[in-house]
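Both of the next two complexes hold chain A, though its partner changes from chain B to chain C.
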Partner chain A sequence: MTDTERPGEDSGPVRFMTQHIALDYVVRVSPLAERFGEQLRSGRIVGQRCSSCGLVYVPMRAFCPMCTVAMGEEDELELADRGIVTSFTVLTPIQYHGQKERDDYALASILLEGADGTVGQQRLTGMPLDQIRMGMRVEAVWAPPEERASAAGERGYGFGNAIEAWRPTGAPDAPTAEFAAHVL
Partner chain B sequence: MRDVAIVSFARTRAHAGVRETEAQLLFPVVAGAIEQSGIPRKEIGFTCSGSADYLAGASFAFVGNLEATGAWPPISESHVEMDGAWALYEAWVRLQHGDVDSALVYSSGICTRGDMREVLCLQNDPYYLMPLWADHVSLAALQARALLDTGTVTEADLAEVAARSRRAAPGNPDAQVSGDVTAASMAAEPYVVSPLRTGDCAPLADAAAAVVLVAGDRAREVCERPAWIRGIDHRIEPHYPGLRDLTTSESTRLAARHAGAGDAPVEVAEVTAAFSHEELILREALELGDTVEVNPSGGALAGHAVMVSGLVRIGEAFRQIHDHGRRRTLGHATSGPCLQQNLVCVLEGDG
Partner chain C sequence: MCSTAAVTSGESTYTLELPYRRSVGPVVGAFLTGLRDQQVLGSRTAAGRVIVPPLEYDPDTGDAVDDLVGVGTSGVVTSWAWIDEPLRKHPLDRPFAWVMVQLDGADTSLVHALDAGTADAVGTGMRVRIRWADERRGHISDIACFEPEVDQ
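What follows is the complex of A and B.
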């Protein structure tokens, strides 16, 4: 019997079985992600510089994956809430059950000033979607302090809801050389 | 066949509710195993890991885990959706090719963020068993009942396994639960699913573990007392529990035979029994007599990190040789409901 069949109706051998599977997980915020989130609530983006190779990572992570050297509080540094769009996608949201988006929107990878890696999945705002380009300089649009509730980056990436979106600063675009290494 | 030895083993304590990310959990464990091995990180010829993203519900977590290995310049690596013991098996096979001499094997699992009794239902047959949500504890209870019905095992025997495992655990700082408990107290615990009581079911834990394998004489150069893999084999039974005789473990028997477990007396056996009745079935399949010490670490019943426990058993069997001077030990790992798939690894020390 299928979902659309009425009881008593016989539409022949069973060909499909619908299985609804829901698994619930507890999301636990690592101590480091909690610390990163605390700083975000105060309006600070804090990254870490590896003491061995000098690469700057944001969000914070416990170790440099290149050098396998632990990174701690002594390696922290504050980063500006400004950066360059290195790549982006304009999405047309499919209206599946549970979809909250209605209109086209853009997500981008942002290379913050001073960082050696991008932060992905960042929302862009403040300009027509067809005018977004790689190299565009952007700044953070912060949520009001009292609304920066969720600890950022439970999975270790992103800014949670502390930064609502990124808008163009109006400054001239960054030359390709400045971000070419971070496009992929 | 090339001689391959385990030269180091590192693990986290088993405990529930770990807050670190999986990669953060792995970082010190991988670093520890490599440091203890005497093999420089850049010399490692092959890396293989065992984990399952379903445990923590984090897609591609096993890819992120690679960061803990320092995979730059790029490394040759592989992954199995299995307990780390099978990653060890793949690494052992890889070393047989002769072009690389060392391998890193690691395993991680953060299973306490989800309900394993739901998650592990997804390993069942999707047509007949999945819709019943036949969880692994209930299936284990069916197996325990079948074993009790043979008349060869009593509930008191189950309680004895539960108690002995916890009494052994204080000797192991990495165990999750331990205590001076008696079989009587275990037998008085409430049923989780009859006939399995609380003590008969392993407490679930989060953990990470790693070993380094080295082939040939290099193992003796870097390690004072390497544990040579004299035999390693794994076998699998039909997927559907109803097609199997749940009172014996034919795949364990076969794996043990092909690994040469019976070629000489084994002093210590570390077996992955996440339920007390499983240990009794495994003892019989592995032909472990009364002189064999079983699970001096406390075994999985003292702390069971899904996807890691099997590698930990082999690691503990290594410790018995490397740290405690034993001559011949055995490590066992299992996968699937009711001991469906089993791996046996026989280790020997020199002299």
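What follows is the complex of A and C.
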């Protein structure tokens, strides 16, 4: 399957052909990811606490991989939409076909308050890129409710488009000991 | 590239798209240039066969072919397959037939879409003609599709 762009050859011999090969594919979202997405659409971040070891997982994952113990609705808990930047990277977008980013931007791993694992690939906003620090405290910038449609489409890895970005709270940075165990 | 296009309950649709820019060479380049001018070119081999779309080499002998000749813009359906549910990237957004068309003056067939309305209207041996795209740019899609030669 192909489609084309106008190659800008209105006259003279045709020398090039643009061709876009596209694969559309449908991913089945697990019932748990679907449920996590529904909660995100209502503005809630829900995790699960293992009944055996007490570790808190977000997004939910149905079982504790440390204890191999199943987790269910009775193990769910809501987490605050605040956390700590444990790691980050600043990206300079290459302008390939389909690229939507134009300017440098930052993605971070964020350790939510009360969670025992980080959530990666989170956009940072509201601060100069060269002032981002490990340990910085941030809070979620939620998308308007009507724009959270694909929150369930992220296969349980992140927050979909429900959370646009994270911005600094202005509170003092977390001491290293608070997040050192979560830094790769 | 990956983007979330649509979500229905329990499913998520993604599109992975790979953009290519291909050098077409002197023979296919001439063919595409011809399409832009509403002209179809074939390559004539030493034995006199006319191959459409043109090839750079005679498939029978392997000899280079540089003799390009014009062929007709109408022809005969030599084979077909009906498509009930067109995909996003198909040339027509309504049910159509993929057809092999042997253009008048050609000895081989080319693949394209036939806008025939219903499968009942399609048959091997039927005559069809090119419907040109309004905007042509030197691409196979300059042929918007084929249509039955009877006036609709």
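The criterion applied here is as follows: the second predicted complex is superposed on the first by the 158 of 184 C-alpha atoms of A that agree within 3 Å, B and C clash if a C-alpha of one lies under 4 Å from a C-alpha of the other, contacts with A are read in each partner's own complex, and residues count from 1 in each chain.
One rule holds in what follows: contacts are C-beta pairs under 8 Å (C-beta built on N, C-alpha and C of every residue); 3 or more make two chains touch, one makes a residue touch a chain.
This structure is a prediction, so every number in the text was calculated from the model and none was measured.
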Requested in this report: State whether A:32 touches chain B only (first), chain C only (second), both chains, or neither.
Outcome: first
Requested in this report: Pick one for A:63: touches chain B only (first), chain C only (second), both, or neither.
Outcome: first
Report task. For A:16, decide between first (touching chain B), second (touching chain C), both and neither. Result -> second
Query raised in the report: Between chain B and chain C, which makes contact with more of the residues in chain A?
Result: C
Query raised in the report: Touching A:105 in the superposition: chain B (first), chain C (second), both, neither?
Result: neither
Requested in this report: Applying the touch criterion given at the start, work out whether A:97 contacts chain B, chain C, both or neither, answering first, second, both or neither.
Outcome: second
Query raised in the report: So which bits of chain A does chain B touch that chain C touches too?
Result: 17, 19, 21, 23-29, 31, 155
Query raised in the report: How about chain A: which of its residues touch chain B in the complex?
Result: 17, 19, 21, 23-33, 61-63, 65-68, 70, 155-156
Query raised in the report: Which of the residues in chain B end up touching chain A in this complex?
Result: 17-21, 23-24, 27, 30-31, 41, 54, 56-58, 64, 66-72, 113-115, 118-119, 122, 126-127, 130-131
Requested in this report: Report the residues of chain C in contact with chain A in the complex, numbered from low to high.
Outcome: 1, 3-5, 7, 9-24, 29-30, 32-33, 36, 87-90, 137-139, 141
Report task. Name, in rising order, each residue of chain A that touches chain C in their complex. Result -> 1-4, 6-7, 9-10, 13-29, 31, 34, 96-99, 149-150, 152-155, 160-161
